[in-house]
Structure formats: structure tokens, C-alpha cells
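See the structures that follow.
Below are two complexes that have chain A in common, paired first with chain B and then with chain C.
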Partner chain A sequence: MNLPNINKKRIISLLKDGKRLDGRKPFEYRDIEIETGISINAEGTSRVRIGKTEVIVGVKMSTQEPYTDHEDEGTMVTSMEFSQVAGERYESGPPQMDSIEIARVVDRGIRESRFIDWKKLCIKAGEKVWSIMIDIYCINDDGDVMDASAIGAVVALRLARFPKYDKENEAVLYGEFTDDPLPLTDHVPFTMTFHKIGESLLADPNRDEEDAADSRITLSVSSGKKEKMINAMQKGGIIGITIQEMEEIITQAEKVYDKVFEEVEKKTKNLIKSK
Partner chain B sequence: MTSTFTKRPDKRKFDELRPIKAETGIIPNADGSALFAFGETVAIAAVYGPKPLHPAHMQDPERGIIRCNYNMLPFSVTERAKPGPNRRSKEISMVAGNALASVVDLARFPGTVIDVEILILQANASTRCAGINAAAMALAQAGVVMKEMVSSVSIGKMDDKIVTDVIKEEEDWEEGEGATDIAFSMTSRTKQITHLQLDGIIQTQRFMEAVEAARVACEKIHDYQIRALKGEKIDETKK
Partner chain C sequence: MTTENTEIIEEHEEKIERKLVIPGEVIVTGDDYLPGDFTRKEGKEVVSNRFGLAEVSGRVVKIIPISGVFEPRRGNTVIGRVEDVTFNGWLIDIGGPYSSFLPLAECPRFINRNDIGEFATIGDVLSAKIWNVKKGGADLTLKSRGLGKLEGGRLIRINPHKVPRVIGKEGSMINLIKDATKTEITVGQNGYIWLKGDSEGEEKAENAINLIVEESTASGLTEKVEKFLGGNK
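Then we have the complex of A and B:
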């Protein structure tokens, strides 16, 4: 964006030698911290920090009429906003394209991995189903908000529990909670974004690196029976990705998944246990 | 006649604040930032500026302006709040901005704007007061020249009792004389009221009792704000 050219040149020349300004290797992530307890009024919440990037996520539930082509399945809406708190570049007003894109990519990763058992969110086929609303807020942007948002959404879903429901009056008792977790499967989606800067690729960019990047590929991966499965992808930016680069991204994605997803999974399970 | 309001739902004394959380420097990107919580009501604030105001025709050549935005997160309340500004949040943004502008030495920053962003993460009444407290701390941390500090508190009247730092359950009190909710912001040194909003029903003769309760509470809050600005991470909710 407004990154001085000199900075971009520096980033590019370092990357040619496999180096980065903060000393990381090209595909090395910053420390990831995962917490919960943002709002007692939400069905589930999370706070994810990747380095200095911070997102907070809340899951709220309500009921609605099902869509006519999925009469016995629950629904989900994912929203994302860069709060004006997050940095100088964000202005008030309706969500901009960058946050709409993040919300849609996160949404697709969750949906396509079959992480949610939609049929178990049916209350009465054709009449009433549960709807899940995921709200993601970035409150400090130091790059890679896409990946932080995706982690946060998954953690908040896994920590969420249903609100109480008055069957007789068919109404949600807002503010009262059950101990019942959401109907989730083992296909936990994990989202990684690879950026192309000059001729080089890297993961988990900080803000300067992300501003210097020419294009990017986001992948949402979940584990199948034996193999890793890609559930959602998104190419961003104008500059093209070569076939060789795409091959490299897939190779690196498998490695990042093994290392970073493992770490996130461990931290998430600890959180669920200590709940 | 006996009072219907003899004790508070959360067992606090009538003049007691909820457990306070106060911390500064929570948003690395911001020029100043802070968290302030009255018990279950949690607000964060970030300050960006002073910086040149665009478009230029909005600039005031005599003084800077404060642009304040108050927002509740959708999951801060029990029934999801629709994101984005509404009439309520616009009004609160304005009165909060005024409360803060009254203590900032804006004449020192002609032609500039100071952006003050307030987010409510978790709500149990008094959200605007928590937001103003966090924003005042964020301004001070940003090094914006202030004439004095400002602190904010809600004072209630439940039946015939004046109480400090109102919670949701109290706001909805219906028995006896009913409930009154008064949001005050008061400056630390000259004790000026820089923000005042009242909803409910209260005798003219008892109103000054509420002002006195606000003065006492704001002095306590001011202490927390100053301690947090000196780097202390205050969290009384863990007790």
C-alpha cells in the first residue's frame, strides 16, 4: 500500500537469500497465542495473536427459517471487520473488500471441510433451524489477519455451547446457556496464506511484508482419512503465480499444516480442557 | 414507608464500584490505548493522532478536533447486536467525544484530528462510562496534552436509594420509585461535569446527592486511571 519503495526492495533482496527483516525463515510463523473469555454473553469467544496481530472472535446463535433447498440444515453467517482500533489505515463505514474477502474465505474453509454437522442444527425441518453467527474483529493489524481470523473462528466454534431453548414458545432464551457443544466433526479446517514478493514466497507476513507482497494464495486444509484435503482456496492480487510456485506452495502448505496446525491444535485442546 | 431496594443484586455497598480492570498499551499499533472494566462491562480504546485532517476544508485553523467512535461488538450482549453504527452509538460517540474534548488542549493542535475508537467487548450496563474512562487513559498515554483527566461513572437511583456503578439488573428496577440511571463524566482537578445523561425519575431535591456520589466515584476511578498510566496492570476481578 503506502510502503516506501526502499523497504520493499530491502524485503525482496533479503528474501532472495531466504532471510527476513525479523530473522524468521520464509515459511516460519510468529508465535501464536490463543485465549478465550472475551464476552460472557457470547456462546463462544476467542482471542488469537500471531505476533502483534490480534483478532477477537465471537459466536452467537439464534434460530431462523431454513433455506428452501436445505430444509433440515442449520445456517451460518461469517462477518469480519477491521476495527478502527486496529490501525491508522482503517476508516469507519461498511466493511471494505479486504474484510469481506477474509470473512468469505474463512466461511468457505469451515463450510467445505464439513466441520459442522448441519443436520444436527435442525430443530424442525422446513420450519426452524439454528443459525450460527461468527463475528471476527481485528483489533491490531501486523499482517496475516486472514490466518489469525480463520484460527479464531474455529476456536470460538469449538468453545461454543448452545443457548437454552424454550420448546413450547419456540424461542431462544438469550443469555442462558446449556453445556451442549456445537455438532462439530473431526475435519478441523486450518487456513494458511502464502504471499509472493518479487520472485520469492513466504508465509505469515508482518504488515510491511504484506504491503510489499504482489499476490497471495490462501488454502484451507483439513485432514481426511489418510491425506490432507484442500477445502478452499483463494488467489489474491494481480501478479500471477507460476506453476512451479504453486507446487512449492503445496509442498510448504503440507509442512506448515504439520507444524503450525499441530501447535494450534494443542493449544486449542488445552483451552477446551481448562474450560 | 419501607424501601423495596434494600440491597444490591451483586451484594455491593451502595457507593461501591464493581471490581475494576485497568491497563494501558494494549493495542501496539495505536498512539495510545487502554482497557477499562467495571466488572462485566469491558471497554477498550485506541487513539490515533493528532494528525492532519482530510479533507482539508473540515480543518479548524484555530484548534484540533476529536473524532470519537463508540461501537459495541455483536457478541458483547446476549442477543447479537447488529454491527455498525446506529442512532444510539452515534449519540454516545458524540457525547463521549465532547467529554474528552473538554479536557484536551485542542488549541495546541490546529488543523488536526485525533481519532478515538471505543469498542465494548462485554456489556453489563455503564458501557459508555467504561468507554470514556478507557479513552481518557488512551489519550493520556498517547501523550496528547490534557488540561486535566476525566473520569466517568453511572449513578443510579433504585427506589429511594442512590447507588454507584449501575448494573443491568438494577437498571430494570421497577418497584417503589423505580429506576433512574445517570451517566456522569467529571474532570479530575476542576470537578466540571463534562457529560451528563439521565433517564428515569428523580426528585429535583435529590439530584445533587447523585452529583456528590459521582464526584466521589470519579475520584476513585481517577486513581485507577493514573495507576494504569504508570504501568500497573490492575485486575480486581481475579480476587
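Then we have the complex of A and C:
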């Protein structure tokens, strides 16, 4: 269903008092659920639910020739697709604008944060490097798919294990896994999307709120050991964001990052150890 | 029509045994049985067409579907969103794969023919009645009591097959929610529900309706809803 006018009016009037349709505060996230071991064939998988929004992420590894300007670095490809069951608005066919954008934002967040140590993905400089493929499938869309995808990608990468590699024949032995995790750093990247509806800002919108939004801005934040860094930004919508609003967004992004990081850490710690 | 049937069944809930079936499943075998709603006969077997609860009453076997899209029937009161405004009426989204049309002539009040968007424009919400079902669509009318444009409040959406549960026997469940939350509620047979009240009341009513949908097969549902509504006061 597309957004009815009465719902938009109600969202705007409630936000003026700092309230939302489902009783949350403007920057409050819904419950985040994380599951792993979705696919036995993928090197790393995760299923992330934020409220009713649900995405499945898979990480596959293969080898390829490196790019000529980065001869000793691995490569990464991110793709995203909305399943037709995700919502009435999604049809089968080639990826549309929304899914291409999500894939690019997630990809850029991971790439620019230096979350993956590319040099350690090199098998033989100039000839063969590891290639990581991140596939994101949205199973249900109730808003904020971008943030769910980013969380899913990070969890899947953290859980991923190298497949066995036959050095003599230079071939990957699919289906057989080693215990070696991917070379990841502490700069864990998450994206935080903030939406502007009327004069108000909010995080983690549901479907109606996302449709009602005039513009949105996505911050890709990572934290090293000490301080947080903004690695990438993406803005959508036609309405501008003022300097004061941007400052508010950045302050909130830090808080949201801590909350999401804590949540993800709590839910994946045991999983990473046990694997 | 649908509600009446379902309500009668609910009254006999204890007496008739119901079984969960999936499409293609054989419900009963034998020449004595006749296929009813959403079933078909293959030789001697009565086979299910839908995912739902099968019940055998006398010789007739039928299924009460518990998932799937809304199927419009004449006389249903529905709530819809205006998708498009044409020169002689409105195209209304009532959910599911069917499009529906509300002609200008079926609107009981005076509307300027040159600017019919004045009454209802894209995104507005209406409650209407189905007076005719055609192949692939339905015709709507506003010529009945309590129908028309819905102003203010909010619109939520549930599975249309849970609507009888939300209404309850002779409206018992919906009246319970209305009284406890002091909210005006209109339930469309297509699963679109319009709520109007203060923001706390609306939110509570929405949560109560979601609770009914989630626990629609549980026993003692009324008590659970009462507890939910009382516990949050």
C-alpha cells in the first residue's frame, strides 16, 4: 500500500511533539535480531531483522586476477536485490535504483573504512587475489533496509571463513572450509540513515515514515580503537539539510553507532567463538 | 456475506473439528463427500485448494483460508486509498490484485464535475461498499450510511482473513477495543483498518489489533486482549 495522506499528516503532527506512530522516540531503533548459519554453502551468512524488516546476507569467496592499479590487493563486489515478497512495490527483473543505491552505500562504507585488510587477500601479486562477493537479499521491507543490509554485511564478513585452496592447480575447493577468518580490522563500519520529515529528524523509519520523508542522509561511520570516523555519506531526496540539523545528525549518529555496535557485538560474540 | 458465514462457524467452534491443510492435501476420501468452498474433487478424494482450516460438516467439506489476498464480494464494506482520479470517478486501491472504481454517480453529495479532485484526491482514504464484482475488479458505491471520506486518524493494514477475529462475535472484540482506548475504529473487509483518537489510544488500539492477528488461533483470545488493554492503562 502506498502512503495514505492521513498517515503522513499524523506522522508530521506527532513528530512535532517528539513522538512516532509506534510510540518510539525519534532516534530509537526497533529491536535488532541477528541469526547466522542461513546457508551451508556460503562462506559467511547472516539474517538481520530490524522490526519487521528482514535481510539475508551471504559472503562468497573466489579468486581472480587483480586490477592493474592494485596488483597486491583483493577485490570486493556487493550486490543487492529486493525479493518480490519484500513488498508490493517490488517486481522481478533487473535491479532497480533503490537496490543499486543500497549495494553501493554498503560497499562504500566497508571499502572506505578499511574494515578489510586488502593486502592480506593477495595470493600472488599481479596474478591471483581473493575476491569477496557480498550478496544482500531483502526478504521483507518495513523501512530502513539500508542499515539492516550494512549490519548484515558486517556480521557475514566477521563470520566468514576462507574456503580451501588448492595451490598446485590454483583452484578453490568449494564446500570445504578452513578455520581462517577474513583479515578484518577493528574499524567496524555501520551505516546510519536519518530521515527528515517536515522539520523533524528521525532514525530507523518504518515503511510509512520512509515514504513520508522529504529527504534522507546516510552516514557510514566506523570506529577505530579511539574515535569514530565518518567514511562516506549519501543524501537522497530534494529537500536540503541545514547546518544545525547536520550537527544534530552527527551527534545522534555517534550515539546510534554505540548502540548498534553493542547490540551486534553482544549477539555475534558467541557465534564467532563457537565457529 | 463472508463475515456472517464465519461468525456462524465460530459459534459452533467446539463441536466441529478443524484440520490445518495445505494446497493439494487430501482432506477426506469417499463418494459421500461433496466439495465446498476452496476444495475440489479428484476421483474419490476431496482435495484442498488453499492453505487453511478444513472442516467437514455433514457431507460438505470446506476450507476457511487463513492466508492469501482479499477476494471482493458484493456487499462488503471496504476501506481504500485513492490511486488515481479520472474524469468520471476515482480508482481505489482496496488491496490484493483487484483494482476498483468508484464512479462519480455513486457519490451521494454534490461534486463539481470539473474538479472532482476537490472531494478526494490521490492518497485520500475512503470507506465504500462493493456493489458489483466483475472479472478482475470491483465497483464501489458511497450510497449507504456511514460511508465516505475518512479524515484524520491513521490507517493500518492486516491480513484480510483475520478480520472476523478482529470484529469478534457480533462486534464484541472491536467494541472492547473501542471502549478501552476511546478510539473510533472502522474495519474494512479487505483488512484496512482506520483508527481515530488521541495518539496513545490509537497506538494501543493498533497494538491490540496486532495482538489479535498474531494470536488469532489461540484459545481465550478475548481474555488476552482484555488483559492487554487493562494492563497498559
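By our rule, the second predicted complex is superposed on the first by the 272 of 275 C-alpha atoms of A that agree within 3 Å, B and C clash if a C-alpha of one lies under 4 Å from a C-alpha of the other, contacts with A are read in each partner's own complex, and residues count from 1 in each chain.
Criterion: a contact is a pair of C-beta atoms (placed from the backbone, for glycine too) under 8 Å apart; a residue touches a chain by one contact, two chains touch by 3 or more.
Fair warning: this is a prediction, and the values are worked out from it, not measured in the lab.
K.L.:
Mind checking chain B and chain C on superposed chain A, clash or fit?
P.N.:
Superposition check on chain A flags a clash between chain B and chain C.
K.L.:
Using the touch definition from the top, say if A:Met133 reaches chain B (first), chain C (second), both or neither.
P.N.:
A:Met133: touches chain B, not chain C.
K.L.:
State whether A:Lys19 touches chain B only (first), chain C only (second), both chains, or neither.
P.N.:
second
K.L.:
Just checking: does A:Asn7 make contact with chain B only, chain C only, both, or neither of them? Give me first, second, both or neither.
P.N.:
The answer is second: A:Asn7 touches chain C but not chain B.
K.L.:
Looking at A:Ser83 after the superposition, I want to know if it touches chain B, chain C, both of them or none. Which is it: first, second, both, neither?
P.N.:
A:Ser83 sits against chain B, while chain C stays out of touch.
K.L.:
By the touch definition at the top of the document, which applies to A:Ala160: first (chain B), second (chain C), both, or neither?
P.N.:
Touch status of A:Ala160: no partner.
K.L.:
After superposition on the shared chain, which partner residues are touched by A:Val260: those of chain B (first), chain C (second), both, or neither?
P.N.:
After superposition on chain A, A:Val260 lies in contact with neither partner.
K.L.:
Please name the chain, chain B or chain C, that touches the greater number of residues in chain A.
P.N.:
Partner with more touched residues of chain A: B.
K.L.:
Tell me the contact category for A:Leu182 with respect to chain B and chain C: first, second, both or neither.
P.N.:
In the superposition, A:Leu182 contacts neither chain B nor chain C.
K.L.:
Please output the residues of chain C touching chain A within their complex, sorted ascending.
P.N.:
It is residues 81, 83, 93, 95, 123-125, 150-155, 157, 192, 199, 203, 206 of chain C that touch chain A.
K.L.:
Give the list of chain A residues in touch with chain C in this complex.
P.N.:
It is residues 1-10, 14, 19, 21-23 of chain A that touch chain C.
K.L.:
For a test of understanding, state which residues of chain B touch chain A in their complex under the given definition.
P.N.:
27-30, 33, 40, 42, 44-46, 48, 51, 69, 71, 73-80, 83-85, 115, 117, 119, 121-123
K.L.:
Quick check on the complex: what are the chain A residues that touch chain B?
P.N.:
Chain A reaches chain B through residues 38-42, 45, 52, 54, 56, 58-60, 62, 79, 81, 83-88, 92, 94, 133, 135, 137, 139-142, 174-175.
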